[in-house]
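In the two complexes that follow, subunit A is the common piece, with subunit B as its partner first and subunit C second.
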Partner chain A sequence: MKRPVVSAPLLCLLPALALVPVLIVVGEGLHGGGFETWWRFLQGAVQPSKDPLLLKSLWEGLQVTLATALVGWGLSTLIGLLLGVFSSDVLWESAKIPTWPAAAIRSLLALPRAIHELLWGLLLLQVLGLHPWVAVAAITIPYSALVARVFRDQIDSIDRRRLTAVLQSGASAPAAFVSSIGPPLQPILLSYGGYRLECALRSATLLGVFGLGGIGTELQLTLQSLRFAEFWSGLWLLILLSVLLEQGLTFWRHRQQTNPSQWNGVSVLTMTVLAVLVGGHWLQQLLPTSGTTLQLMLPPLPDISALQLAATELPWLRMIEQTMRLTLLAAAIAIALPPLCLLIFPGRIAKQVFLGLWTLQRVLPPPLTLLMLLLANLPSLALAALALGLQNAGVMGRLLVEGLDQQSPGTMKAIEVTAAGPRQAWLLGCLSPQSRSYLAYGAYRTDVILRETLVVGLVGGTGLGWMLIESLSSFHWAAVLLIIVCFALLTLAGESISDGLRQRWLRTPGESAST
Partner chain B sequence: MLELRDVCLTSRDSPRLNHVSLTFRAGETIALIGPSGAGKSTLLSIANGSLKPSSGTALWQGTPVHQLPRRQRRRIGTLWQDLHLVEELSVAQNINCGALGRRSLLWALANLLVPLERDACMTCLKQAGLQQDLIDRSVTTLSGGQRQRVALARLFRQRPDLVLADEPLSNLDPALVQDLLNTLLRQTPTSAGDILASTTVVCLHRPDLIDRFDRVIALRDGHVVMDAPSASITTKDLDVLYRASSEGRRAAPKP
Partner chain C sequence: MSAREHRAVVCLALLCSLSTTALPSWAAETLRIGAIPDQNPEKLNRLYGLLAQELSQKLQVPVRYVPVSNYPAAVSAFRTGGLDVVWFGGLTGVQARLQTPGATVLAQRDIDAKFRSVFIANTQSGLQSISSLEGLQTLKGKRFTFGSESSTSGRLMPQHFLQQGGVTPNQFAGGRPGFSGSHDATIALVQSGSYEAGALNEQVWTSALKSGAADPNKVTVIWRTPTYVDYHWVARPVLDKRFGSGFTTKLQKAILGIKPTTANGKTILSLFAAEEFIPASASQYAPIETVGRQLGKIR
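What follows is the complex of A and B.
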């Protein structure tokens, strides 16, 4: 008998096995008193509060979140683009200069990229105090480094023969670079830029959950005080904004694909600059304190002996093991849940229901999902994994459906006429052709989940995130520094593994079989 | 066996069919010919149930094709022009797709882990004229001719009573054309094991091959313009069929 080889479509579903231990632990942690709270919570969804004062406050919070996201996104796109250009080998090669400055910039960008925006937010909060621009900076710093990496990868993967040809025609190095590298970069600027704006909105909401203002703060306060009707008023507003943004960006991407000449890189960059200016002005109107100068309050730098002491005190093995377990369980849920749902219910109506559910999961920041689950459950690593997995399943589900909608129906039709059942036909005719790109995105999402373990760790009392918040609240700076370094190293290692997996899945099946 | 009764199709995406009535009888080999856009592929799609006619019905032994239970539906097999193999899977796993009509979802999932019923796959591979050592290869590594034979092996695995083949010979070199046609017309084994009862309908873009078939059906602009034994078709008939179409196209005003 042939040795079993897990094929790509099966690999999309197999991680669902992780749900078994997670649900067992979550089931054991259920407490009866929570069901009544859950019932009131669900009632709030259909009867949200319409108190004008509350709605005014929520509307202001929503505007703060949107303005923060807009400025953070705009700044990070502009800075990331510049850093991406300067960290690409092609730029330096075109000017016939050694490429070591590019390598140096890339190394410097690894640290800001490895630290989650929430951690940046908490650190900046300690250093700068509560100020509206702290949230903007917390988004801008890691996002710039992430955008820079994507643009650098794209620039370095562009065919260099065109650049060589332009240089040989006598053009100066900058002119040759802009004219030969610029046009192929435009579609990426459009599609990836749009994607980052959605991420920025999610990040701005999340930062609000941790006290940095906006709709996130409102949601956190109402949920913690069990005022579910008020919570749902805010959540419905946030869902509306997210859906409008997603649909707007999808429409924009579609227009760009059908009429690529309409949008060029310069007009997109102009729009980005405008977003920063408008968003900044908006933020200042909403929060007049945003115009005040930032006060720098640097914490004392820990000395060597304090670092050594902290290194021996901290339970490294347990923290890292919990973080890895949390990552793997959440990633398994995020990857397997959407295809499993569509496999069990392959109909069109079910697809629409799932799309609605996934929007809700995506919009709700993981700490709030975790708090919701905690209404009827005891805190555990499994519950934190479930919260993180559900939020990311919302992202993966939408991506899967988008991919399936764009896919040619040929294979599905061919399988259907063999008289296969609807589930078999969906498995082989729909999921299979999509499986490799889905797994490639799953690898990237796992990398994101590793960064986000920090977020649920803070609430769920597990992993490096929990230890970090403990150290921050006790001003144990030596421990804070060591945990940040450890987390950064972990995420960089995770990024490297996820890159390798992504490349593997993006190769054609024959190529990967032969390697 | 299969009857198209006054079938019409008015669709923006597919060529139209106008009041087509035909019967495919057991044991026949039928060549479906006609110029591009005549409606040949549309007719096959209606016959296998993947397309619903605007009016009229396609009946399989008296039951509308759309209402056939799974057990009956698998008796109609299709060889697609674009093959539609599952690129992510191996040759054996693709061949097993032909057996899905007789198997459960669990079986389909297990087949994704390790190709099941390898002996049956081997037999189908042999019937399709492909080397058996290719069974574990990914289909993306195969040549065009080999891929065509995997699609054929999938059809053998389905064990249909009626085979509908949509231009299976396009993009193949002449030697391969004869070879594939021999395999296809050697009569597909049926679910009853009776190899003589099989009916094969092949869409052809090359009218020079019609003498290999019992019967020829010609379509033009969605109408059946010829339905006769292949021996009675003359070169003049074919000239008229294709010339009338090209003249029609030339005469049509430019949009």
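What follows is the complex of A and C.
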């Protein structure tokens, strides 16, 4: 007997079921008490503060954030590319060496990847002190491992016949490797490289929210003291920068795709090197006295008995259960919301409105979203999930629209002439061909969300994330260490599950999927 | 390779060699002051900009204000040398001094020796004024929020008094208290009704009432805590070595010497909500350390 199979476009919308409990909790908790504050918040958007002293410090903060993002992005792309090459089986095979070093590198890279950049930031802050390069390192370490994994997967999935042919023609192993692997790698270098830069900007902002400097710090302080006019001055600046960056990258990607040349890959690498150099100088200029304090200052390490004590004290089951619930709810919201929005409100104007809204959702760090939601709602885990889900929905939404825009409108037109309604035509003609790659990306996003639960634990007072922040603020190193290990294990487990799902969705015959 | 490509490669090589200049450059010894982030940034920038200017004039060294947006970051920055002199809260100051042996307490405000927290409640929550520690039991089962998790007046001392009154954090609605992140956010969240009650710094509450940020029809004080000692200036031990012997004493004198008689001094003191700075000693903060250890915030 054949098992019933849920078709892909429905799978995209299925997570919307999670919206039901979230909306019930949020709807029940909604109250009018915060609307006055919300009104002041919206007024702030229209009338941001123009205080020169504030603008000056915001401008400096923005530059610090951008410079941090640039250096972090450049370094991680370069390091990630190298690590990706060295962790690929193809490289070692082409040189006729056993492939175990590749596997070793891959398993070593699992750890830096499993820890969120914010956690790296908070830990490095303890070891290295308050230094602008701490934020850079916090981005570079996990990003390098992530980039390495993506490139390794790409390299090992490239057809090897070309490499074998070049090798057999007598070329040396390195030359053969570069000439046969390089060209197919270029498109992914372009699209993924650009995407990582946007991520780096978001990460640099988030690191600021947790005290590592830049515009995030200013946003956090202004929102926490409810200075909405001042908050919006910073937010508008950040939105402007994000939009410029995203548009610039899209334009650049588009140009490279329409005039492909063998120099595309080189131009990306040139950009990364430039980003590191220019960003590095810029940081040095912005924070000149920072050069003196970079030194290793380890906090006292806990001994075995302290670890044992902490292990018995911590409420593991509750923390893990809350973290998982938070992840699943937030992931469902992030995956379901964009197609649902487009389905309910079809049309070009609605799409532009959503794109604008999603930009705002992406730019606003989740802890800040959560504080705003909390003003008009009773505190609950669902609310924290909503805050986290909204930012990721912003990312997913943009990706979905990009995918939809790239496909030809033929199928949708064909279904439309069969007198189906516009929504049905959209669902079957437009969303259906995209849904597999969208879901595959959603599986990857769920991974990211699990790592990010750290970020909303604070305001929600829930899960591993909250306990980690509480332990860090008590300088309780034994607990910090244990929670990090637990977090890393959870992330790695989640990663292997989402990998399996992703491969299942991408492997269906007859449907090509974009990355 | 075409001439254009050739030039591009040369340019890239030149740019790569630039990286050697990106190594850390050593600037003149600068005194870095910081503060725990419990004010809005506009005020912090104005306050510490002015203070840096004043101290730089008196001490004849460059002084720079380094903004920090989270409490443990300030403690770590002080331990690792990123900050030389910090305006700490009671708990963070004790944490910082325990982690940095030899650090000295320089001064406190006149109001810090007898500081208080207030417990506030939404007027629709039905919570009545409390007259004794036992009265805190009425908060059981209510939605309750603290401020920042490391705040002395927004978390540590309120939790301590709650414990004395027989209330533990897991007895609040939902099995846990909230952590709004700041005193201002606590007022807003209780005023809106998201939380029925909360605890915060009395000085912030008084100024919120004055400025109109707190609406007495919606949120009201139900209890004032007994007094305890709070904020203080703490300096790193190595300052004398870096800036010359006797520098720490000079710095202390400079802070204590800020008087409302000068224009700068008047503005600084009013931004600090103080009449003057007074000498303080480490022993005053021993009770804070005891409470910190009891509640697990000091290990």
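Keep this in mind: the second predicted complex is superposed on the first by the 494 of 515 C-alpha atoms of A that agree within 3 Å, B and C clash if a C-alpha of one lies under 4 Å from a C-alpha of the other, contacts with A are read in each partner's own complex, and residues count from 1 in each chain.
Assume a residue touches a chain if its C-beta (ideal position, glycine included) is under 8 Å from a C-beta of that chain, and two chains touch if they have at least 3 such contacts.
Owing to the predicted nature of the structure, the values given are computational and were not obtained by experimental measurement.
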{"item": "First, second, both or neither for A:A104, with subunit B first and subunit C second", "value": "neither"}
{"item": "Touched partner set for A:Q220, first subunit B, second subunit C, both or neither", "value": "second"}
{"item": "Touching partner for A:L30 - first (subunit B), second (subunit C), both, neither", "value": "neither"}
{"item": "Winner by number of subunit A residues touched, once subunit B and subunit C are compared", "value": "C"}
{"item": "Touching partner for A:R423 - first (subunit B), second (subunit C), both, neither", "value": "first"}
{"item": "Intersection of subunit A interface sets (partners subunit B, subunit C)", "value": "none"}
{"item": "Complex contacts: residues of subunit A adjacent to subunit B", "value": "1-10, 13, 410-411, 413-421, 423-425, 427-429, 432-433, 435-436, 508-510, 513-514"}
{"item": "Parts of subunit C lying in touch with subunit A, wherever the complex brings them together", "value": "5, 8, 12, 15-16, 18-19, 21-22, 24-27, 30, 32, 37, 39-42, 44-46, 49, 64, 66-73, 75-77, 79-83, 95, 99, 122, 143, 145, 149-150, 174, 176-182, 184-185, 188-189, 191-195, 213, 218, 296-299"}
{"item": "Residues of subunit B defined as touching subunit A within the complex", "value": "48-50, 70-71, 73-74, 76-78, 80, 82-90, 93, 97-98, 100-101, 103, 105, 108-109, 112-115, 118, 136-141, 154, 158"}
{"item": "In the complex with subunit C, residue positions of subunit A that touch it", "value": "31, 33-34, 36-37, 49, 51, 53-54, 57, 125-126, 128-131, 208-213, 216-218, 220-222, 224-227, 230, 263, 270, 273-274, 276-277, 280-281, 284, 288-295, 297, 299, 371, 374-380, 458-459, 461-462, 469-470, 472-477"}
